[in-house]
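Two complexes, one shared chain (chain A), two partners (chain B, chain C).
After this line comes the complex of A and B, so read on.
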C-alpha cells in the first residue's frame, strides 16, 4: 500500500454530555485505512466503537461532540469542512450500515425508494436507473425475488433480508468507504452466514474500504484484514487479522479469547422423574400454529437448552409452561400431575415453582422500584415473608447474586449496569424459591465477558440449590457451555433432542448440522471453507 | 384495499352506535328537566285543562320510548319537528345557520391548518432556536387568552380602525368575496384559538421521531435537515397530527358560540344560545344532535386517514 491512505484519524477525542459535564467517550484514537482495506473494530458495548465509526463520517450523535483531533478523508478535513460539504460526502462517498436494519429503514417508504434516495440526492443516477441498479444489487446480495422485493415496505421483509437490502443501499453510490455497525448482531446464526458472505463478496467486488464494527471476534475474523481492539474509548492493540488471532499481545485481548472456555462439567443422563414434563403440546396464536406436538422433560439440577432460530417456537414453549398461553392440545405435568393450562387457574404454590428471567433486563425491571421492593415482592407474595424475615431474605438473595447488600439494596435499576440488572432478574426469580427457572435469551443482550459472569453465576446457583433451568437461546456457544440436555426446534417442531453429547456428536439431524456449522469460528478461513463445502 | 373497506365499515357502524347512544342521552336529559314542553309553552297562562289538551296534541302522554322513536326517525329524515317558540319547522331554521357555521369553520380551518403545519414543521426543523421559542410562546399566549378577549382586541385593532366590519350580516344574496371579507374577524379569532394546539402537536410528533435510527440513517445518507423533516419524519408523524386537526375542526363547528355571539354571526351557536334562553328545547335537541354527528364524523375521518398513512396497517404480511 504505497498510495496515500483513504482515511486517517489522529488523536481523536469525542465527548458525550452527562448533565452539565462532558465525559470522554473516545480518548485519543489513531486510525489509518487504505483503499479497499477492511478494518475490524472490536470491543464491548460502551467501548466507543460506534462513536468512532460515526466520527469517521465526521458525524457525532446528538449530545456528543468531537472535541479534539483530526479526521481526514481522502484529503478533506472533516472537522473543518462545512456541514453542506459533509452532506455531499455522506451516502455518496462514505456510507453507513446500521445494526438494526428493521429500525433504520423508514417504515413509511418502499425499500427501493430508500435505495434510490442517495443516488438521486447526490445526482449520481436518475430514478429509473437507480431502480434498475437496485434490482441488480439485490440480486448480487442474493436477496430472494430481487425484481420484486424492493417494492415492499420494510415491515414486509425479514430481518436478514433487510440487513442485506441495507448493505445494497449503502452500495448505491459505490462509495469509497462503508461503515458496518454490527450488521449481523441481531440475526440468527444461519442468517448471519448468508449476510456475511454477501457483504464480503460485494465489498471485494467493488474494492470498497470498510470499517467493520462488532463484538464478535469470530465474525470479524472472517471479514477484516486488520483488527483494532478498543476498551473504554482507548485502543488496546491493532494487528493484522491472522497475527491478532494467533498471537494476541495484550491481556485484555487474551481475555476476550478466553470467554469461550467456560464449560459446565458433563453430567450423565437423568434417571430420576422430571419436575416438568411437556406432553404433546400444540399451541397457536389465533389461527397460526406455532408449536406442533412438542414433548420434552426437565429434571431437577439439570439445564435443558432449547435452541432454534427466531420464530422456531422456543419462547412460545415457555409461555405454555408458565400458563400464559394455554395450549390447543397436550398438557404440562408438574411432578407427574397435570397443571391447569391457564395460569389463572393454578395455585400460588404451583406458580411459585416455575419462575422466569427475561432477555431485556432493562424493560423487565420496574424502573420506579428499589431493588429491595423488586426482590422483596415475590418473597412476600409466595413465601409470606414480612418485616425482618423479608429483609434478611432480600439481603441473602443479593449475596447469592454477588452484589453487596448494603450498597445495593436501596438502589433503583437505573443505577445498575446491564449485567447487574440481569443479576437482579435472577434474584427476583430466586426470591420465590422456585424449582425451575426459565431463562429466555438471558445473555443475548450482554457482552461476552458479562455473559460469562452470568453463566457462571447460574451454574453456581444450580449446584447449590439443585435448580432446573430451561435455557432458551439461539447461541450455540452458550449451549455448549451450560446445557445438559438439548432440544433443537425449527418452525414449531422439535427436530432433535437428547443429552448434549448425543446432540452435538455426529450424526446430526440435517437442521442441527446446519445450525452447528453456522456458528462462526475464530479461523479466518472458516467462512470461505464453509461456503466451499456447502456449495459442493 | 379490502381490509381498509372492512375497517371503514366497522368504524361507520361504531360511529352510528355512538350517535344512537348520544341521541338517547340528549333525549333523556331534556326529559329530566322540570316541567314538560306543554308547561314550557304555556308558561304562566297554563290552566290544568289547557295543559292536558296541549299534552294530548303534542303526544306527550305517550311513553318515553315511543316519543324517542318518533323523534329519532323524524330527525333521520331531516324533520326535527316544530320550534316551540316560533312555530316554524326546525329544519328550516337550522338549514341556513348550519351553512353559515360550516362556512366559518372551513374559513378558519383554511387559515389555521396550513399555518399550524408550516409553523410546527419549521419549529421542529429549527428546534430550540429563537424562531421555535417565539412561535411556541406566541401560540401559547393565543391559546391562553379567552376567545372573547382575542375577539375584542381584534375588534379594537381591526374594526375600530375601519379595516373590517365588527358585525357580520349575512343574507342569502351576499356574494362569496363579501362573505370572506365580512367573516374575516371571527375566522381570524378562531384561527388564533386553534392554531397553537395543532402547531404544538406537529412539532412534538416530528421531534419525537428525530431520535429514531431511520432519521440518523437519513442524515448519514446526506439528506438535508428540511428533507429529513418533510420526507422522513412527517409521513410517520401524520397519524397524531391528523387526529388533532380533526379534533380542532370539530371544535370549530361546535365550540364557536362565544365568537358567534361577539360578532353577531348568524350561526348554529347563536341559534342554540337563543333557543336555550327561550327554553326552545326541541331546537336545542336538534342542534346538539348535529354537533354530536360532526364530532363523530370528523373523528371517523381522522381514524381512516391515519390508517391510510401507515403502510404497516395498509399492507400486512
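After this line comes the complex of A and C, so read on.
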C-alpha cells in the first residue's frame, strides 16, 4: 500500500442558497485522511461539519453547491467525475452513517434485505453470500441474536441496535472510507457506550478510514486519531487527539474544553416544606404501567434533577405533575393540599404556579405568533395585565432572558437561533410568575456552549426569583452542574434519590453506578479502560 | 381576425395589463405591502386584477348595465350591435346587462356559500381534532355518511325538498361543501394539536375558542386558503350547473349558468353568444386559482 493519502480536500468552498444570494458554509478547508485513520470533526451546529462530511463524498445537499476547491479520493477527482462514476463509489468505497438510523432505514423492508442492497447493486456479492456476511457483521457489532435480528423490521429493534445495524450495513462492501455523522447523539449514555465500542472495533478490524462528526468532545476523544475543530465554516485547529486534549492552542478550543466548568454552588439540604410533593404515584398509558409508586419532593429555590434512560418514566412524572396524565394511584400535593389529577379541573392559580419548558423549542413556540404575543399571553391571562403594563412586563421579561427588547419583541420564532428560542420558552414560563418550572430535557437539543448559557441563565433566575426547578435530563454532566437533589429512575421506578452529594458519592446503587460510569470522559483511554473494567 | 391570433393578442394584452397593474400597486401601497406586490408573479397580478374587475362589476351593476336585469327591451335573439352590443336573449332581454347582473348574482352567492361552508367546516374540523374522543367520532362519521352520497344528487334532492330560494341554495351547497372543508381542516389540525405549543396553551388553561383562533388557525391557514380558492370555484360551478339544470338561481334573475342553457340553441347557428357567460365563469375560475397558487407558494415559504 502506498503512502499517498486516501482523501485530500484542498481549499474547499461550499455555498448555500439564501434567497437570491449564495452564502458560504465552508470557507477554504483543507483536509487529509490516510488509510485506516479516524479523523474527528468537531464544532457547534452550523459550523459546517455535516456539509464537509458530505462534501468528502463529492455530494452537496439540495440548495448547496461546492463552489471551489479540490476533492480527491484515492486519486479520483470527485469534483470533475460524472455523477454516474460517483454513484459507483458511494456505498461501495465510501459509506455514510447518519445521525438518526430510525429515519434512515426504510421501515417497509427487513434489516438484512437493506443490508444486501448495496452489495447486490454494486455486484460485490450474491444475495445468499450477502446474508451470511450480514450475520457475521451483526455478530461483530455485538448485536444480540445475530442469526435472527436481520429478519426483523426497523421498528422491531431498539435505537442503539438500529445504529449498529446501520454501521454494519455501511461496512457491507468493505469501504475504504466511512463518514459517521453524529451516530450516537440521539442515544442514551448507556447505549452510546455499546455503539461506540462496536464502531471502534469494526473500524480498526477492517482498517477503514473514517470521518467522525460530533459535537461531543469526550466521544471524539475515544474514537479519533486526529481532531479537527471547525467554527463557522473555518478550521480553528487540527492536531493529534492526545496533543489536542493535553494542550489546545486556540482560545475557541479552550472554551470548548471549559464548557463544563459551570457548577452551581452547593446548597444545604432543604428544611422548609416542599412546594410540590409527589406521593406514591403510579401511572399508566392504557394497560402499560410506566410509573410505579414514585414519591419525591420539590422545594423552593432548589433544583431536583430527574435522571434516567429514555423510557425510564422521567417525562411521564412531569406529565402527572402538570395534570396531563392523571395517575392511577397516588397524588400530587401543592403546598400540602392535593391537586386535582386532571389539569382541566385545576384552578387558574394552580395552573399558574407550575410552568413547563420543553425539549424542542421549535415545536414549543407557535411559529405564527410574535414574541410579544407568546410571552405576553400568560402575563395577560394570569396577572390580568393589559396595554402599557403588559408591554412593560414583556420588555422586562426579555431583558431577564438577556435579549434586547427593541429588536426582538416583534420577531417570529423562525427569526431566532435555537438557543434564543429556548430562552423564549423560559420567558414564557416566567411570565406566569410561577413557583415551579419543569424543564424537560431543555438543553439536550443544544450545543454545549449554548447549553452552558441556558444553564447559567436558569441558575441566575433561580437565585433572583427563588424558583424551584424539576430538571428532567439524561445528561449526567448537566445534573452535576445544576442539581441540588437527584432522583435516579429506571423502568418507572425510583432507584435512588437524595441530595447531589449523597447520590454522586459512593456507594451507588448498581444502576446509578452504571449511569455514572457511562458518561464519556475526555481521557482518550477512558473507553478502553471502562470496557476492560466491565469485562472483568 | 382568426381565433389563434386573437388568443395570442388576448394573452399578451392581459399580461401587459397585469404588469402595469402590479407596477401601479407597488407604487400606491405602503412600503411593507409594496414589497409583496412587487415580488408577486404576473399570473397572480392578473388574477387579482380580474377579481377586482369582477367585484367592481358586481357592485356597480345598476350603474354599468345599459338596461334593467329583467326588462324585455327588444326582439328575440337580436344579433350583436346597435343598442344591444351583445344582442338579446330568447325573451328579448339585453344580453350585456344580464351578463353584468349575472356577475352580481352568481359571484355573490358563490362567495357567501363558500364563506359559510368554511366557517362551519373549519371550526367543526379543528374542534373535532382538538377534542378528539367521542365528539370527533360522532362528527367524523356523520360527515363520512354525508360524503358517501354523490354531492350533485344530494344537492338536487335537498333543493327539491326545501324549494329553490336563494337562501336554501346557499344553505344546501354550503352544507354539502362544509363536509369537504371539515375533512381537510380536521386532518391539518390533527398535525398541529400534537405540537408542544398547543400542550403549553392547554396547560395554561386556555379555552377551546382561543386555541382554535390563535394557536391552530394561523398555522392551518395555508392549506385552508388553497382549499378556499378551489372550493370557491367548485361552488361557483355547482351553482351554474344547478341553474343549468333549472334548480339553481331562479329566472328571471340573471345567472351565468342558466344563461348558457337558455341561449344554447344559438350555437347551432354559429353564434358564440352562449359562450360568453361560460367564458366569464372560466376566466374567474382561472383568476382565483392564480391568486391561490401564489398565496400557497408564499405561505409554504418556497422560493422559485
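We take it that the second predicted complex is superposed on the first by the 534 of 536 C-alpha atoms of A that agree within 3 Å, B and C clash if a C-alpha of one lies under 4 Å from a C-alpha of the other, contacts with A are read in each partner's own complex, and residues count from 1 in each chain.
Basically, contacts are C-beta pairs under 8 Å (C-beta built on N, C-alpha and C of every residue); 3 or more make two chains touch, one makes a residue touch a chain.
Since this is a predicted model, take the numbers as computed values, not measurements.
After alignment on the shared chain A, the placement of chain B and chain C results in a side-by-side fit free of clashes. When the two structures are aligned on the shared chain, A:356 is found in touch with chain C, with no touch to chain B. Look at A:324: by the touch rule set out above, it reaches chain C but stays clear of chain B.
Between the Cα centres of chain B and chain C, as seen from that of chain A, there is an angle of 30°, stated in steps of 10.
In the superposed model, A:91 makes contact with chain B only, not with chain C.
When both complexes are overlaid on chain A, the residue A:57 reaches chain B alone and has no touch with chain C.
Within the superposed three-chain model, A:122 lies in touch with chain B and out of touch with chain C [touch as defined at top].
With both structures placed on the common chain, the touch criterion links A:203 to neither chain B nor chain C. Shared-chain residue A:381: touches chain C; no touch with chain B. When the two complexes are laid on top of each other via chain A, the two nearest Cα atoms from chain B and chain C are 5 angstrom apart. Across the two superposed structures, the residue set of chain A contacted by chain B and also by chain C is empty. Within the complex formed with chain A, the chain C residues making contact are 195-197, 199-206, 214-215, 218-219, 221, 303. Across the complex, chain B meets chain A through its residues 211-214, 216-224, 227, 231-232, 235-236, 309-312, 315, 317. Chain A contributes residues 19, 322-324, 343, 346, 348, 351, 356, 358, 360, 363-369, 373, 377-378, 381-382, 428, 432 to its touches with chain C in the complex. The touching residues of chain A, when paired with chain B in their complex, are 54, 57, 59, 61-62, 87-92, 95-96, 98, 100, 103-109, 117-118, 121-122, 152-153, 155-156.
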